[in-house]
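These notes are about the structure you will find just below.
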Amino acid sequence: DDSDADNGGSNDDGGTTAENAGGDGDSEDAGGGDPYPVGIIYSETGPLAAYGEQYKAGLEAGIDYATDGTGEIDGRAIEITYRDDAGNQDTAVAAAKDLIGQDYKILGGTIVSGIAVAMADQAEQNEILYISGPAAVDAITGVNDYTFRSGRQSLQDVAAAGSFLEGDANKVVVYAQDNAFGQGNLAAVDAVLGANGAEVSSVMVPEDATEFTPFAAQLKDAEPDMIFVAWAGATSANMWQALEQQDVFDVAPVVTGLGDSVTFDAYGPVAENISFLNHYFPGAPDNEVNTAMVEAVEEAGSTPDLFTPDGFVAGQMIVQALTEGDGDVNAMIDALEGWEFEGPKGTTTIRESDHALLQEMYTASLVADGDSWVPELIDTVPAEDVAPPEASGK
Amino acid sequence: MEVSDLSLKIGGAQILEDISFTVPTGEIVGVIGPNGAGKTTLFNLISGVMTPTTGRVVLDGRDVTNRSVTQRAVAGLGRTFQTSSVFPALSVEENVRLAAQVSEGRALSLFTFPRRGDRATSRARDLLGEVGLGDRMGFRAGDLPHGDKRKLEIAMLLATDPSVVLLDEPMAGVASGDVAGLTEVIRSLHTDHGCTVLMVEHHMEVLLGLVERVAVLHFGNLLAIDSPDAVMADPTVQSAYLGEPV
Amino acid sequence: MTAMNTQKADEKVQGKVAAMRKAARAPQDGPGSQGTRSRLLALIVPVGLVVLLACLPLLNISIPGVLPGATYTPGTLHMLALAMVMAGVALSYHLLFGVAGLLSFGHALYFGLGAYGLGIVMEKLELGLVPAALVVIVAGLVMSTILGAVSLQVTGIPFAMVTLAFAQAGFVLVRKNPGGLTGGEEGMRLPTDYVPDWLVGVADTRNLYWVALAALVLAFVIVTWVQRSRAGHVAEAVRENELRVQVLGMRPFLVKLAIFVSASVIAAGMGMVHLLLNSGAVPHTMSAEFTISLLLMVVLGGVGSRWGAVAGAFVYVILSQRLAVLAQSSAIDDLPAVLAIPLSEPMFILGTIFILVVMFLPGGLAALGLRVRALFSRRARAELDEGTRTPGELVQEDGQQP
Amino acid sequence: MSEVILLAVTGAGLGAIYFLVASGLSLIYGLMGVLNFAHGVFLSLGAFLGLEVAQRLGASSWTGFAVSLLVGALAGAVFAALTERVLVQKLYNRHIEQVLVTVGLGLAAVALFDGIWGTDPRFPRGPAWLDETSTIGGANIPNIVFVAIIAAAAVLAAIVLFLKHTRYGMIIRAGVENRSMVTALGIDVRNAFTLVFTIGGAAAGIGGVLASHHFGYVSPMLGQTLLIFAFIVTVIGGLGSLIGAAVASVLVALLQQFANFYLWGTGDFAVVVLLALVLLTRPSGLMGRKA
Amino acid sequence: MTPASVPETTAPEAVAGSGDHILSVRGLTAHVAGQQVVEHVDLEVAATGVTALLGRNGVGKTSTIKAIMGLIGRSGTIDLAGQDISTLPTHKVAQLGVGYVPEDREVFSALSVSENLRIAERKGHDHRYELVYDLFPELKQRAGQAAGTLSGGQQQMVSLARALLNDNRVLLVDEPTKGLAPRLVQEVGRVLARAAEVVPVLLVEQNLQVVRDLAHHAVVLTGGRSVHHGPAAEFLGDPDLTQRLLGVSTGAEGSI
């Protein structure tokens, strides 16, 4: 609670922060008590505010955990400035420029893929360290030296789905929205499952369509062995209902990513028929770090959820970078590249070549619990099984 | 100016039927007729605001039937409206200047700026003086009392240097005290500016004092076009239009 | 002449009432408008303002609560540059709406065209910044001429809807990412390879700031120019009474098209600066919401006033950026929910302010400024008396023609 | 074949939803000349309150569903009436300002709903029958489609009857043109105007509840998303023509549906092209009275 | 309230004495767009017959009538048969039986002729359609036509008919003969004369012949003030006075 108040204070008035940062620049050599400024740009408001909240709760817990509750590194506090991007790329860029202008060397955050890409650009142009948040876009893996990620990427999601493919069942149909997210997933399925010999085709639903019944019928007519659904946003409830109404579940197993807990309702009665791949839910991993994280987050008054570990890992990475790199960007990059650590999802590795974050994934199902749904772990997919192919370039 | 066989039908209703007449250059012709006879409609057809079902309109020997309102205006046709039609939010002077810059050419130029001493402006001021609005240049046109709006319309008309003008009830609503003055302005259109004038007017005294010939419209038909005396003597006109002798 | 005499007599009788009436607004630079002193003043104030704005990056001025930091800091410069870009677009919208009375719901199309167009031309044609910008301007000219000629076939609400339709088509298109050109939903990145180094990176924000300032000044000059030209005056007349303009022998269509094209090209130009400033373009810049925010700015500032459009844009940008910061503050969090919920939503506050301005401050900020000046200057008082214009006076209703 | 039937019938259902939103919009625009940008907000409010009530009364019961429709209509009506009384009426005879005020209200109210209900969508549940399908010509048609079509027809009939058989329609049309003359004839025209908004708001509220079932979610943006289609439908249908709006609703929805399915997701594109074409050839819309 | 028969268009002596006024206005001021357009008007409308309100363009005749109707901001007292209506909203004023025929006709152009009449029907009154159709048979023929497409004169008929349809206590009629053909001017004159038999009329009119024929009493405005009251015939018979107040001198024989 009191940490919240702190953040409030630092956001409250840009003027104050600027003075702090100015002071910072002057006395950097003096070392000692000056705090390390870290800027987090994420969705406090806007369509993805709920994810933002999970991320932030995880981040605070992560820093706490990595600094043993002090929030300091060698006596220097980590001072986090939060900025709201409202899910809006221009706002995020403006905030980034403001913070970079105030000599912030570490920026983190964002849930939105488009913003992550823009931020990666800013990081490179201005030579600062950027640790992206839950944004799943594959494109920032290997994009440049300055950009890292604290979450998983689409390729890992899809690879996890591959574990549902049984033996000779090999006709996979991707049912997705025809937008960057859906196309990314289709490409990922093609890259991962296609490479394993599956025949991949797709039913792409126009992004602006509101009536999915005909597409569901089309999906059924494709006679797939497995259906991979990539869908985000408010229309998902309607989409699932359409699949059910057109008897798609009778045709083949349906696999999709399990979202955060508020979306459990969206699946409706069909939830039990869906096979989920999963990035995280509190009961999935079984390790000390996760236990610590869940406790810390609950203590702080929130509930751990899908993107809490992304924040937590970001916290761990920030602390690692600062401890080893002491605010020098190149040193911090060196400190992170190839770093292997215990995160809430078990042993986690930052791949040196392209900064992909190698981590385990899960498969799960939803089971009814009274009026609501709870996820149940089916299996853990080891990190190396879902490691994305190395991105060229960087 | 010449119109021949003008007819207009709207939704089955015959509003004008086979109107033909010629107005020699420089003549003043009055148009009378009961309300709803089609006088305004006739003006709308001549000025291009409406398109006739059949018939032709010839201006200065050129057939303008298929020309737009603007083209006819450029060809020298000016008109006023039955209810005053000015640019209410603009100043009186600007109303006239806009009209004046048309006759000067390059009215729509992006590279010419209205200036204190330019031709259009001084012409606007002269004309406003002429119609008696010399001291109202700065007024918002929309705030003028009714009579002054009518004068403003005439000034705008003059500014475009028309050769043929159509006046739709210029005296309607003008206080009796101002009628004489406005009559003189209209007369000067004819005498000083050499315009051919076609005017609708219910104010018989004014009309008879001005015009050389009178056309009578009745239920969309041209009953007669003749000298005022002859028309006034016509019994049909008497009963359809004038009612009992005034 | 008799008319004069009658008028004189008339005048005596009416003297009383006439004296109560005030003079209408003199034409902008029209005859008999103003003395040399105020004319000089009218020149000094804007020039001074531009010089002051140009010097800001070199000064250390802080306005807590309004600016995010001191004026030399990149964050502040970025916000001010953004405000200037928006002011430029708002000015072009003022030309459309305030001068010509054309209520367009699709102005964003041209802004987006500038932003996306510049990026695409640089990247695909491998052109440098300046030649690419010229190509985009020409494209904007051609496109706005064609689309303008089509949409100007109708007036009033149908015009608003046709322009909306075209802009929506553009919006749908950029989101669909045709040929991988626009980056779809995620937006397009600035191809930095083709942009001079001094315009890339946070350290160079002040250069971008100066570019934005120059663009704004240019937009202001063009808008003033167009508005003061004969065509501009005719446009105002067209707005008042289109048929009357035709009867005078002018083609309203040409004037409206000229205004439409000028406004669109200015918008495209500002769109290009926006691309540089934000190092990218997103579909939002082509959306109906963007056009509506322009409408908001122009109305906030005071319809029909150039300075109003600029002020409206600044207020809008600063409010929308700073209210977001305010929303996060603990001061708001601590309030009871009835207050905290609305106050933590910037758009709620902006929307409410907008409603209040429309209802109670018909002339917008420009009128407010006039009211303040009226406390000191007689001229301003006179101007105020004569009444400010409300948006409704500007747009012809569909059935206006007799 | 069943594919075409499926597309056509679900398209008609979508058209019904469009019409429910557009009917109030068209009424207000046609009678009062106000293009109401806050209309989507009436809809969202109706949907949210309908959802809250249904959840309390048991979402899957028919009573809950019926009451939620009622509450939705009521919420839309009350909010609309207030909007008219407090904002629009104060600006009478100033159409553009009236439009601007509704723009402001639209922005503010969506933000407020964001604050109250959060930005995450919520998922309404109705009686189980609504989620089931009926088979027509081999196509499984979701039952909610039929409910939407019936509701739209009922609303259309009710409004047309109201306008035809009461004095209000006439008073309002006269009042739009010349408000002061109507009062000078001894009529307090304010009530008539408020009534128009109230009816429009009620239709939007019903539309909101049904749309939330049809699309499977409620969010503050739901109304605004539908609003743009309602605009398009209203304008294509023609100024002041409810029948026109109904025809246009179905036309637009079918076009969208078929273009999305057969023409690579160009539904929205096709709709805006249709809008432009209709307006340029018939500025007053398919069935509008001449402006 | 109104006597069955009234001497038609003749002597002004019938109306005098303050008791015989249906409407009396004292110290009326009115504003339009923040400007005072009526400064100080006193006038009385006789309980029977026609009272004329005269003056040149822009002196405030229309504004006076609008102020009585409550269509523009006003102050002063307006007494309608003993009741002060100066603070009532327009529709209340109309409901108390004040009929209004505006200067520019103001028919509802989008409505049909018959709708224009129907909307004027006031609750609790008989609607005198026979009278109206008797006076203006054309309105019956054109019942379905949109009023906006009527000619100027036809619109004037609609406007008058709206006022005559109800059983009013007083009619305010603003320039009813503007733009009418001479025959119709006489027609309207006759209509007003007939109307004045049953209801008192306040008439603004530029056509002095009409005034002469109809009015018993005249009130003259100049510059937003009432400057002359008196019998109409007396006023019109005084060339000096009319020259001074109206800018035109009327000979005793009535030519203008």
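We call the chains A, B, C, D and E, going by the order they appear; numbering starts again at 1 in every chain.
Convention: a contact is a pair of C-beta atoms (placed from the backbone, for glycine too) under 8 Å apart; a residue touches a chain by one contact, two chains touch by 3 or more.
If you're wondering where the values come from, they're calculated on a predicted model, not measured in any experiment.
Participant: Show which chains lie in contact with subunit A and also with subunit C.
Facilitator: D
Participant: Which chain is most remote from subunit B in terms of Cα centres?
Facilitator: Between subunit B and the rest, the longest centre separation is with A.
Participant: Taking each chain's centre as the average of its Cα atoms, which is closest to the average over all protein Cα atoms shown?
Facilitator: The chain sitting closest to the overall C-alpha centre is C.
Participant: Looking at chain pairs B-E and D-E, which one is connected by more C-beta pairs in contact?
Facilitator: B-E
Participant: Using mean CA coordinates as chain centres, what's the subunit B-subunit C distance in Å?
Facilitator: 40
Participant: Go ahead and note the Å separation of the Cα centroids belonging to subunit A and subunit E.
Facilitator: Using C-alpha averages as centres, the distance is 79 Å.
Participant: In whole angstrom, how far does the Cα centroid of subunit B sit from the Cα centroid of subunit D?
Facilitator: So the centroids are 48 Å from each other.
Participant: State, to the nearest whole Å, the distance from the C-alpha centre of subunit A to the C-alpha centre of subunit D.
Facilitator: Centre separation, subunit A to subunit D: 38 Å.
Participant: Which residues belonging to subunit A are in contact with no fewer than two other chains?
Facilitator: 45, 207-208
Participant: Residues of subunit C touching 2+ other chains?
Facilitator: Counting only residues that touch two or more other chains, subunit C contributes 6, 9-10, 21, 172, 344-346, 399.
Participant: Listing for subunit E: what residues touch at least two other chains?
Facilitator: 33, 56, 58, 110, 247
Participant: Flag every residue of subunit C that touches subunit B in the complex, lowest number first.
Facilitator: It comes out as residues 1-7, 9-11, 21, 23-27, 29-32, 225-226, 228-234, 236-237, 240-241, 243-251, 254-255, 258, 262, 386, 389, 393, 402.
Participant: Please output the residues of subunit C touching subunit A within their complex, sorted ascending.
Facilitator: Those residues of subunit C that touch subunit A are 62, 64-65, 67-70, 73-79, 82, 172, 175, 177, 183-187, 189-190, 192, 200-203, 205, 278-280, 282, 284, 321, 324-325, 327-331, 333, 344-346.
Participant: In the complex, go through subunit C and note every residue touching subunit D.
Facilitator: Per the touch definition, subunit C meets subunit D at residues 103, 150, 153-158, 160-162, 164-166, 168-169, 172-173, 176, 288, 292, 295-296, 299, 341-342, 344-352, 354-355, 358-359, 362, 390-392, 394-395, 397-399.
Participant: Mind listing the subunit D positions that touch subunit E in their complex?
Facilitator: The touching residues are 167, 170-171, 173-174, 176-178, 180-189, 289.
Participant: Per the contact definition, I'd like the list of subunit E residues that touch subunit B in the complex.
Facilitator: Checking each residue of subunit E against subunit B gives 33, 55-58, 103-104, 138, 149-154, 156, 175, 178-187, 206-209, 246-248, 256.
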